[in-house]
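Have a look at this one.
Chain IDs A, B and C follow the sequence of writing; residue 1 opens each chain.
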């Protein structure tokens, strides 16, 4: 294989990996901070994608404009959902294990609700639109413009989040909460405000991922679930609660998938990802990059 | 009895990542002994108990019950060999009645174990620990000190030969602690048990046990009769002297 | 002095005689079961095609939800692998129904599913709650994709066609038998040491271990039991669709619906999941053709509401619960109109995580 082809292959892996990293980061924020395993995460990605498509088709809005809009909208939705459901769960669950189990069940309910709502409103067909499909040349390799943009924006958001968590006071508060909930409360960090906010941010990231996806791929109401599974794989690979791990894990997964699909059978893709998933969960439940 | 100690720990070490909770502790407990384990917070006492009951696999070291190697066995196998334990915070089955809680042990580890007639069924065990009146109440509804007694009763239901008691007197009043100590002595005498007792109420413990081990930062720093141990300079240093001089 | 049986024979006799720990309400439960079974037995004779079809779905979910609750409800290890066992049973049925008899195929479905459950369980049952749930889900999808892949590469065809299909009444009777068996086994098991052990695992696994419960064996056994029923049900139901493929029989929705029914009905009870299974099957069949999305959305909403406000399921609904809801709603309404009372109360409120 020529160098150019290698480059294309790895880059295409990074492109899908960037999206995986975004969804993984969002899910990680929710689980690492609040122990909410949001199995409906992918459904909100789908909503972001459909909102962008709808805005493009009916209002003629430029998809790039929808990037911050979908973030803001989904973040709002996330905060409302948290206040209506998980907050009550936190107050009424006798211990952490019960809270996690109940949270998982509520997320299931959300998955049913959102997926079928979308199907009822927008129908089950595949949708899509044209945007920046002209090829861009980089050396001997060639990429679709929209996919390059996807990679750039997803990396920007991922890195942005990590920088936010590391450098700002808010971010430090979040990381403190992740490490020691009681300790953080004792120094005055307000969990009542941070939890819904971060849950919202997680969903917002998912919405952005969906918006970005809609620019380059076709969308359908059932597209969410595979991304939820991928997000689970990503956070398992990277370690629950580790942001850098989620970013690295997402990109790595994308590349592994691209390589795997190229050298073996493309239909093995789903099978391989599940094997990886189960393997990591069994062998290293704390993630590959976690030192614990 | 075949001449082997009831329970023997040889060089038991428990490490969690970088932290060594129990560091090369060896001790042998003979049948019928009433021994205590004391030590400052974080000394590794409960972790040691966890190793002795199979709840925590030691990183290295060996465990023997009656000469039989038990290292690496599961907790239910330790129970089958007659080693029973209580937990620091009472872990009773809240939804079940007090009597049903006792019955649980009788149905499992206690089912095929020979034992004295004092432990023949729930009623006799309830009578032994003094909770006969509470038999029908749900376990979540009794007072914390009664739950402590229930913990002991549940352990007794497995018809053990050795009882590991983890801070059963914590949070009790002076009088209650004394009553608990009397109960433990009685259990040891009437049921022919070996009792190992972790306690923070050092003064009471030292009054009732025949032998005491002192753990500090995971290591065993003293092992002998109470009168000797309290004079041990290392022990005094570990405890900053206060409780020791009070006992002496 | 010992009062316990000494020889092995005496121990065996003792075990048999004390197999049932508690016979309270045993007669009542069995009687109710017999009455329901009798009524269901008569149904095909005077019911229309549609009614019988609906009853079949009811029986299917009764069997699935009751057997799921038997293990997952007591031990609180929430399994999402029901669809895997169901699908395996369906495939066994499709592959061997031509060569073996009907009952043999049902038995084989149960057997293969149990075997897979033992393998899966040995690898996975030492992990707690959420990990276990997610893992069982992952393994279900893995099995589905593995079979789809195998079909594409090895056999070249996707799915199987069933040619020899038994009569409607045979299928109905088999399903009825499985449902009755599931309920009967539940009634009996919760009164045995095995059932007590499972409950102990759910209440406090470590404590149960130190009291002598071999938790690993108990969990794998319970998991295999639940799988056996799912496999048998899958084998029986596969003949309803004359063509099966991985997407239909390994549809994770089967697992979700089972879990949903059990949770909404009440995982700690026997009759809760049964009643919920009937209600939801009726709901599903009536709404499925006209407005499938509405049904699924309702299901999702009901699950959320149930977990939030009635975690014990419908079976735990009491007058006091209704009164508590009324009081909560009144308090919430009051809070909406006078928000200043909230600020003072929220300073050191403990939260999750």
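What we mean here is this: contacts are C-beta pairs under 8 Å (C-beta built on N, C-alpha and C of every residue); 3 or more make two chains touch, one makes a residue touch a chain.
These numbers come from a predicted model, not from an experiment.
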{"item": "Label of the chain whose CA centroid is most distant from the centroid of chain C", "value": "B"}
{"item": "Closest chain to global C-alpha mean, per-chain Cα centroids", "value": "C"}
{"item": "Most contacted chain pair (by C-beta pair count)", "value": "A-C"}
{"item": "Where chain B and chain C are represented by their mean Cα positions, the distance between them in whole Å", "value": "40"}
{"item": "Centroid distance [mean C-alpha coordinates] between chain C and chain A, Å", "value": "31"}
{"item": "Distance from chain B to chain A - Cα centre to Cα centre, in angstrom", "value": "49"}
{"item": "Chain B partner contacts - residues on chain C that touch it in the complex", "value": "1-4, 11, 21, 193, 196-197, 200, 203-204, 206-216"}
{"item": "Chain C-touching residues of chain A, taken from the complex the two chains share", "value": "33-35, 37, 85-86, 88-93, 96-97, 99-102, 104-106, 108-117, 119-120, 177, 181, 185, 191-192, 195, 229, 232, 265, 267-268, 270-271, 274-275, 277-278, 281-282, 285"}
{"item": "Interfacial residue positions of chain C with respect to chain A in the complex", "value": "76, 78, 123-124, 127-131, 133-135, 138-139, 141-142, 145-146, 148-149, 152-153, 256, 259-260, 263, 292-294, 296-297, 299-304, 307-308, 311, 346, 348-349, 351-353"}
{"item": "For the chain B and chain C complex, residues of the former touching the latter", "value": "53-55, 74-76, 78-80, 84-85, 87, 91, 93-96, 104-105, 107-117, 120, 154, 157-158"}
